[in-house]
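Below you'll find the structures, each written out as structure tokens.
Paired with chain B in one complex and with chain C in the other, chain A is shared by the two complexes that follow.
Presenting the complex of A and B:
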């Protein structure tokens, strides 16, 4: 019979090979899912590939999708390392968008562009952080499960946005469409390359990754985070304040997710609407896992999954292939990744006869 | 309609809407009792809702649809079971993957079913004598057969959990897998079985939604009910009887929201739609405080993989 035997050492290439194989399994099962409804998987993947990486413009769109992913994942890494499960990045992203839009829509008078953008950046980070700290404080004081509360706050944020878009913030000239007035020119992030939608948001994202990398690898905070993740009890005995680090981690996570919301409304959409961005919150969880919570690797993984999202989205329009295929590929990849973790600690062995 | 019958119909709808939550809550209680945390309830419900809908639509038989959706939920749960039991993977992430999978699967295959409506929904079967009881009769016993099945499920599962060897073994596995194994219980088998059971009931909840309460297909039709069910497990403190109250409480919020919308209220619909989530948020906070102070606690080894010692 087959059984698992404990490994003495892990070959280094495993950490490279497992994510690649997981993604391949995701793509193969995705291909089968597509073939079942009579579509040629090669057309689909060819379409995604060319829509994501086929031209400079396509690639710039991939980077546009990767920007919020990088920002959200950079924060997720910090809390996941402490085994705190923030599933609420999407809600924090929406709150960031709402907070920064408030200033763009109602308080832009007389502010120069740099001041306006700075106000929007800060307010989005505050909004996201507040939304992340509500479940964090509940977790710390009363052990309220953060997976459930952060997730519920996604829905609450979404309906808050809908309330604003159908009610008080609605543009009276939008012919009934649920969207706000267009932002003033001073509230719009500058584009980096002419003819693309790629804004300085991507630079924010890269800076965020560098800061998180420094925090995790080089600071006392990162050291404490690692101990908390390995053994929270030992951390307590060592005099590390677990709660304080969790609060800081969640504040960073929420602030970066909020900033991602700001880069989307201020950089891409230029007004507030009910649908801002795709399900970045979930995708970021996959990106974080496939990168083994390594900040620098997340940049690469974000571009990969940003490409999948952007390519998949274009495909929906050009080939009428449902966007659901992206979720299918992502989830199978995640299943494979989680399932394959066992090979880091065990090897599969064959034993004759019964045990 | 006079006031009296409005209240009766509101409460009857409360039971219907509550049934959608009751099945998955009971299922998750048993999965968690076995020590497995399955956060994929939303995904399994979506799959159950979708398969239930298309089978009921194509065969014109809502019972067959309900049955198929139930099985589909069970099958979906086996992915999570394999990863968390056999491969000892992280149960939180695997459960989330299952939720994403359910969303992706139903969005992809559901594309051409969007906005289709089911004509043959589960028929009302008034129970003789019982349905004649004033108030109670029209609320609880003038429903469809699946609602009656949910009553039986609650009672039978309560009995199994507390009064049978099967229930004893189940609780032993969730509390201390190593000791259970020493007692000769197959930890893996018990965990597989109850994870599958949880999947079946999540599928049942989803399928009940599309064959009775909302007989049409929309993308993401379960709208977070799977997460509400997971919160209700804590509210119920892992007890099937208490799950009944939680499910009907939220069924009531749902029914009220629907009734208000139908009556053309001035409350914005976004606020009405937000109510169940705010309600769940408050309820889970209060229940967690109670759990903490009363020393009721989750199964001790919830979420911890079991590794049998290999020599």
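Presenting the complex of A and C:
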């Protein structure tokens, strides 16, 4: 008889081996699915790999996709560690984009580039934080479950964006497309390397990770977060203000998601439109999870998923493979990565049932 | 008549850190009450969990009615006629008694055939004098009634072997006697009962056969008639250790803590404290006796700032601490050892260091301008372990891996090292072995002898009587009596705990 037994302690190397094995299993299952559709899985994987990491340009595109993921995940880690489940990075990302776009579109007059960009960075963070604090206050004062409210606020954010894009902020010269005017030069994030789309956004992301790492590992706030996450009653008992820490955590989370929205519109898209990649807000949840809520690991995991996304995206163009296939591989891999975490806490044992 | 209904042969259960059971063999006869006697941590509960299919043994065999069996889940156990009454009841509070009794049974239909159930209940009531009101919700019933419901649940499923895990822990002395009557009737009806306990008196009163466990091994099985309490105690503990501590009473007439008209609501919105008045004198050990669930927990948690005061006032050394922040209260000099270590006292998955510094992590030198000093935290933890003889092999390992005694020592050390003026100790020795219990009692006396004030909450009357200077008894959210320990006797307190007027 096979059965699960709870592990008393987890060997360190498991945290490395389990994701690698589950990644491989995910890729194998993905390969089977791809083969059933009649495509050679090796071609698909080779294609993704070379489109994601095969050249400097390909790798820079991977980093472009990883930038918002790193930013959002860094914030999610803080609240997830307190068992607060913010599903609303999607909406916070959109709000960050909207807030910063407002200044780019309507208040750029006479501002120099550094000032303009600083205003956009701050406003995006404020926008994301406000969007994150609405469900937080509902949670604290009326015990409304944050999973529901953050999720619903995503739709409100999306429809606000749609309203602006089809209505007041629409570019009159866009031939009916739902997008704004192009941002002025002063509102566009500088590119780091000529010939790529990689902007200083990646530096923001790395700074964010360092700050979160420091907060979690070294600060008093991080200690309180640990206690709250493990046992809120013990936290209360130790005189830790649980609500205050959740508010701070959600504000950080929302601000970083908002900043991610800003780096995307200001660095990559250069105008506001309905499709600005807010789905990063959902992918980041899984990235945070498979990174064991460790800020440094998120960099790696984000690059991995950035690579899958950008590699898969280019695959449509180079190999004419439907993006659905790539999405399928991505989902199967994610599923296997998350599912395999059971082996971290449990071990599979065999016991002869008839004895 | 020597029919063996259950037998274990060389049962061994090894957990990664410990050997919980080692070659345990014992035999349960038909129609007997077999006591499994041992200290906490002797392996009694592990053994029962094996019999009930919650754990799989690492080695060894189980025989039911002479047949070798494998019990993989509680469902298997129930099919084999084994029923278990857990220490913590497994009832769904929002369902009715009747619904709880048939929970999981398929034969009463999708729309419950209440008549059939009630008929069977009548039968059980008739046989064992076990009466419950089937239509009330479980949360409205008392602890004693809930235990009856658990027993009926087990009988309903046709169990012939009943396992009761520390069944009297939550009962008043009077309720305990009621339980024993029921057990005797079941025994006369041919049921076999395994009675897990560490209370010698109960064993002598109810058991036919006694198996003593110590450190996971069977020390001896012996018939009740051929043993004495002191022999059993020695078998349980191994070598007897005498420990006398001398209490030097130092209380003054100065009131350090004054509580007036305290009303507190539980999370469910019912009143858990219904107007408590209490004055604690500086330097005394005040024992609070009572069956769990009569407001003791709420009282001490409210003092510590963890529950909201609806009405009334709490004054500590002249400072109004009503509804003040827990940290403000602890900074004033009130420290609290919570009743449930794992639920409140520690963050179980975090390291011993993180848990040891819980009271002072925010102060210099452990923390400076919001940044923690991990080196100092480790040094502090090591110092604490040394001073309080806490066995701490790896301070970075999750604290849940420590034994209950070591964990409790760490909590005690953490609170005492804050140098409190008032220490509230809630069930400080619950679940500890005799050595750790002695250690704790001694520490409490020591700090009281230094002039500190202690509030001691315990359900163990012997503990209260041997440590306290004064004893307050709580019943249904009120203090129903308060007396000098020298004038108190167990029987009066027992009656007061059950609601009799002083």
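To be clear about the criterion, the second predicted complex is superposed on the first by the 326 of 355 C-alpha atoms of A that agree within 3 Å, B and C clash if a C-alpha of one lies under 4 Å from a C-alpha of the other, contacts with A are read in each partner's own complex, and residues count from 1 in each chain.
In this text, a residue touches a chain if its C-beta (ideal position, glycine included) is under 8 Å from a C-beta of that chain, and two chains touch if they have at least 3 such contacts.
Keep in mind the model is a prediction, meaning the values are calculated, not measured.
By the touch criterion defined above, A:325 lies against chain B but remains apart from chain C after alignment on the C-alpha atoms of chain A. Looking at the shared chain after the overlay, A:218 reaches chain C, while chain B stays out of its contact range.
Of the two partner chains placed by superposition, chain B and chain C are both touched by A:3.
Judged by the touch definition given at the top, the superposed model places A:142 against chain B, while chain C stays out of reach.
In the superposition on chain A, contact is made by A:226 with chain C only, not with chain B.
Taking chain A as the reference, the larger set of touched residues comes from B, when chain B and chain C are compared. Chain A residues in contact with chain B (one complex) as well as with chain C (other complex) are 3, 355.
Every residue of chain C that touches chain A in the complex is listed here, in rising order: 15-17, 56, 70, 72, 304, 306, 325-328, 330, 336, 338, 343-350, 354, 358-359, 361-362, 367, 370-372, 374, 397-398, 401.
Residues of chain B that touch chain A in their complex: 39, 79, 82-83, 87-90, 92-94, 96-98, 100-101, 103-111, 224, 227, 230-231, 234, 268-271, 273-274, 277-278, 280-281, 284-285, 288-289, 291-292, 310.
Within the complex formed with chain C, the residues of chain A that make contact are 1, 3, 7-9, 218-223, 226-227, 230-231, 233-241, 351, 353-355. Across the complex, chain B is touched by residues 3-6, 33, 37, 85, 87, 138, 142-145, 147-149, 151-153, 155-156, 159-160, 162-163, 166-167, 282, 285-286, 289, 322-332, 334-335, 338-342, 355 of chain A.
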